[in-house]
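Okay, got some structures for you below.
You will see chain A twice below: alongside chain B first, and alongside chain C after that.
Take a look at the complex of A and B:
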């Protein structure tokens, strides 16, 4: 019954979405507002129908309805409830349904919130969003139906949504006993929330791109489309960023190689829209302040969304070889066609509007060292990074195959070599751009503004040297990254001091007032601090990682970088709630004779899994200074008195995760509504009245 | 809002210094832009040449498509019984059998490659390598490294996918097996 409910709800969503597309077009082009209202209602109904569909699949997972093929594939009776629920996005079909539902949710929310304020853009916003939602939902039911059931016809097991003639449903006991369960690699908290965050980021860009499309289609190329979509962009951007960081955390915890970013094509595919989206978030400030970069901003938004669809296509089609990609699927060609047609349509619209003069800038560029000049450079570097990573991940392999009848790939050394100078250039710009002025170069101001941050940077470098981080290239990297962070801190400090001096506010009140008056600037500074913290973490953990391995008897010790690890005991055959059997080594961590922590690296065995049935789970002792990361490689099965360990010391790695938290805080401030001059005036004018009331 | 611009002409028809200044500004940006684009192109080309690896099959590698010692990327089916791992030294070796680069049913291709005694095979050696959990019979191994004079492939990195990652091609077998037991 659940399968039928979900299947019907999905088809209903498709039908209503198609109706909504037609209704929105009629509403706009025939100037019939009632049709636009009807299209808006269609958006809500699509959301409702897909909510029913995803609800049906979720209930199926919770109630263990193994008749549904998807549920049989990703869960089994031994799995805890939490992982049974997160199995919703554990494989292609479920995650595609989740994707469609998110699209419909973003559409419904953006339409509801912008209906009054941006009514003129709404028909095309709806048209764009419903077209994309209808496409993905159609793809879902036609190729990757999550509601297909298993049927037995003689000696054959079939997968179909509706009962084929002569087939019967297999016995539930046969299904539950043979159910496969979620891939053990995905049974991790990071993996449970990493995909939804990534999807929120990817799908979130649908809203700003819909506004860009509406602006291009209607010719309303004022700043309105940017204002309407800025918060959506920022929301999508932070979700995507968090998804990337959590993906890194999952790789670090689960894959057991001591790292978190492998320049894998699928990782890169998610990183590309984030990069270009970051360029866009910087660039729109110039259009808002100076009326410049209008075409460029449109192009960046199109590039961001195009990268989203391309990344989805690359990951879901099986186009690239990656630990993260889904199985090879037939959705590849339709998704490629979608990517191509959406990108081409939007580029065509930009060219058309630009030729008609609608995207002409209000001011010319005057100086490279003006703020807009530096922002342009920042955009250039982001674009260069985008091209470099795209070329390395997809461009070079595809070009070589298409034109030279050979396959080439570019390894991590390509990415490290090409992106490192570009990232450092970005940090230089992060350091100096906040000190520049609008419209003209302000070298003197920059020089003065850099004085104290440079001094603080030198002190920071001294600290790193004391830690033993003395390689010259890394000190240059640390210096540039720290300078960018200190400039942001110092600029905030100067503003706080100014308020303290002139308004006699305490520092906390001044900081809060600043964040409320100009959340974008001070949220942005905090984001810069977060990025600088992440940058330092990446440099430290990449350049100064230490590793060793040893076989120890119980009571035996190994030393690395001033730490001593003692193998205390072995706890074999522990059975966990989900049926996995855990073999655990207990390891004590000591420094200067002092006990710091007890770690429990282990090897898990999943008896029900046929293919992937063992997993090495690392244990780590984490401090701000470093991680002591221990893997249990092997042990004496019979006596259990000796075991082999691999140990990594990853300096500063936790700054990567802490930096991400700072990034969230900065984005939250950036999303906060600005206290406008009008509101301030009103509040100030209320003060005498309050006094008057008080006196009365 | 429309911006109106004009250029003041001098009596002899020559552009005024203001016009020249604007032209110079544009030229300055064009030169700056070209230098930056050039720098990025140089970075990309040198990075590509330095990091380029041919992705070839085991059959191609063994037939000498790439010279011995050149770093390449290959794909093959892992033969489970050939896996030898010493956790004390972290020495890992295994044999991979040839599979085509593009095949519609990779799980089937891996299965057949492992069973086919005539399929070209290659011994892989990796030093200082923790044995990956996914290294098992019929897993797809994507390796970077180089073929050496001794006929062994010295791997630097290995990416593995177990058969279940290629889709549930034959889920019915498991269900029928349980049903037939009843």
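Take a look at the complex of A and C:
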């Protein structure tokens, strides 16, 4: 029954979405507002229908309805309730349904919140959002139906949404005994949060792109579409950023290679829209302040959404092989067609509007050292990063396979070599742009503003040297990153001091007042601090990572970078609640003879799983200084007296996660509505002395 | 004296023989040495995973092969070249084939340089173009004189 409810609700969503597309077009082009209202209601109904569909699948997962093929594939009776629920996005069909539901939720929310203020843009916003939702939902039912059930017809087992003639449902006991369960790689808390955040980021960009489309289609190319969509963009951007960071954390905890970013094509596919989205968030400030870069901003928004669809296509189609991607699927070609047609349509609209003069800038560029000039350079560096990463992940491998019939992989060597100078250039711009002025170069101001942050940077560098981080290239990197962070801190400090001096406020009250008066600026500064903290964590953990591998007998020790690890004992064959068998090594960590921690690296074996049934789970002792990260690679099966360990020391790695928290705080401030100063008007006669003075 | 000389030559010869024999014996290779090379090689059959972190039995065999090659005196470059010869350019982080290597490494710089040229061309175009401002198209508005302004404010204040 659940499968039927879900299936019918999905088709209802498609039918209503198609109706909504037609209704919004009629409402706008025939100037019939009632049709636009009807289209808006269609958006709400699509959301309702998809909520019923996703609810049906979720109930199926919770109640272990293994007649539904998807549930049989991603769940089994041994799995705890938490992972049964997160199995909703554990495979292609379920995650696609989740994606469609999120799309409908974003559409409904954006339409509800912008209906009054942006009524003129609404028909096209609805048209764009419903077209995309209808497309993805159609893909879902036509190719990856999560509501297909198992049927038995004679000797044959079939998968179909509706009961085929002569087929019967198989016995539930047989299904539950053979149910496969969630991929072990996905049984981690990070995987409960990482995919939804990533999807929220991806899908969230639907809203600003819908507003861009509406502006292009209606010709209302004023600042309105940017104002309406800025918070949506920032929301999508932070979700995507957090999804990336949590994905890194999941890889660090689960994939067992001592790192968090492997420059894998799927990781990069999620990073690309974030890069362009960041460029866009900077660039729209110039349009808001100076009426410049109108075409550029449109192009950046289109590129961001295009990168979102391309990333989804690459991950879900099997275009690239990755530990992060879904299995090869037939949805590849339709998704490629969607990516191509959406991108082409939007580019065509931009060219048309530009040719008609609708995207002409209000001011010319005067200097590269003005704030708009520096923002433009920042955009250029983001674009260069986009090109370098896209080329390394997709361009070069596809070109090589197509034209040279050779498969190639571009690895960390390529990416670190090409992107490191670009990232450093970004940090330089991050350091000086906040000190620049609009419309003109302000070299003197920059010089004065950099004085104290530079001193603080030198002190920071001294600290790194004391820690033993003395390689010249990394000190340059640390310096540039720290400077960008200190400039943001110092600019905030200066503003707090000014309020303290003139308004006699205490520092906390001054800081809160500043954040409320100009949340974008001070939220932005906090984001810069977060990015700088992440940057230092990345440099430290990449350049100063140490590793060793050794086989130890019980009681044996190995030393690395001042730490001693002692193999204490082996606890084999521990059975967990979900049926996995855990082999655990107990390892003591010592420094200068002092016991710091007891770690339990382990190997998990999932007996019910056919492929990928073994996982190496690291154990780590974390401090702000570093992580001691231990993997149990192998052990003597019979005597259990010796085991092989791989140990990593990852300096400053925890700054990556702490920086992400600062990033969230900064974005939360940036999203806070601006408090506009109340305009106080008084009659001139109320202040008689004013003119008395003037006459005197 | 002659006997002493012969004995010395015999001793030196024996020492040399012994040293040569020691050189022929396989040297001990640590797991860290193997991992240092395995880190730079990708598993030929898995998905973008380097050999040092790949958990499959096949990868364990390849790591053992690297150990044997190191013991036999192969250099890191020779081992990588051997893997490329057997499994193709996909096992290394940047292709060894000169054409593919150049294509992979140079293209992004060419694209970025082209972008930079376009940016600079646009910038010089902006600099040379006549200054435009949206308000320039509006008819000029006469600025009120101070006397006019003061008179207007005083008139308003008397209402």
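The rule we apply is simple: the second predicted complex is superposed on the first by the 667 of 696 C-alpha atoms of A that agree within 3 Å, B and C clash if a C-alpha of one lies under 4 Å from a C-alpha of the other, contacts with A are read in each partner's own complex, and residues count from 1 in each chain.
The working rule: contacts are C-beta pairs under 8 Å (C-beta built on N, C-alpha and C of every residue); 3 or more make two chains touch, one makes a residue touch a chain.
Please read all numbers here as calculations on a predicted model, not as lab measurements.
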{"item": "Fit or clash - chain C, chain B, common chain A", "value": "clash"}
{"item": "Touching partner for A:265 - first (chain B), second (chain C), both, neither", "value": "second"}
{"item": "Between chain B and chain C, more extensive residue contact with chain A", "value": "B"}
{"item": "Which superposed partner A:596 touches (first chain B, second chain C, both, neither)", "value": "neither"}
{"item": "Which superposed partner A:548 touches (first chain B, second chain C, both, neither)", "value": "second"}
{"item": "First (chain B), second (chain C), both or neither touched by A:362", "value": "both"}
{"item": "Chain B versus chain C as contact partner of A:404, first or second or both or neither", "value": "second"}
{"item": "Partner chain in contact with A:73 - chain B first, chain C second, else both or neither", "value": "first"}
{"item": "Touching partner for A:671 - first (chain B), second (chain C), both, neither", "value": "neither"}
{"item": "Partner chain(s) touched by A:183 [first = chain B, second = chain C, both, neither]", "value": "first"}
{"item": "Overlapping segment of chain B (options 40-48, 112-120 or 166-174) - the one that collides with chain C in the superposed model", "value": "40-48"}
{"item": "Contacts on chain A seen with chain B and repeated with chain C across the two complexes", "value": "256-257, 291, 321-323, 362, 364-365, 368, 380, 384, 387-388, 391-392, 396, 406-411, 413-414, 417-418, 549, 551, 614, 616, 644, 646"}
{"item": "Contacting residues of chain A [partner chain B, same complex]", "value": "69, 72-73, 150, 152, 155-159, 170-171, 173-175, 177-178, 180, 183, 256-257, 291, 321-323, 327-329, 360, 362, 364-366, 368, 377, 380, 384, 387-388, 391-392, 396-397, 406-411, 413-415, 417-418, 421-422, 549, 551, 610-612, 614-616, 631, 633-634, 644, 646"}
{"item": "Contact set on chain A toward chain C in their complex", "value": "255-258, 262, 264-265, 291, 321-323, 325, 362-365, 368, 376, 380, 383-384, 387-388, 391-392, 395-396, 399-400, 404, 406-414, 417-418, 547-551, 614, 616, 644, 646, 683-685, 691, 694"}
{"item": "Chain A-touching residues of chain B, taken from the complex the two chains share", "value": "1, 3, 22, 25, 28-29, 32, 36, 40, 43-44, 46-48, 50-56, 73, 75, 87-88, 90, 101, 104, 106, 130-131, 133-134, 136, 139, 142, 144, 157, 159-168, 171-179, 182"}
{"item": "Contact set on chain C toward chain A in their complex", "value": "30-32, 35, 40, 42, 47-50, 52-53, 55, 88-95, 97, 99-100, 103-105, 107-109, 111-112, 115-116, 119, 123, 126-127, 129, 131-134, 150, 153-154, 156-157"}
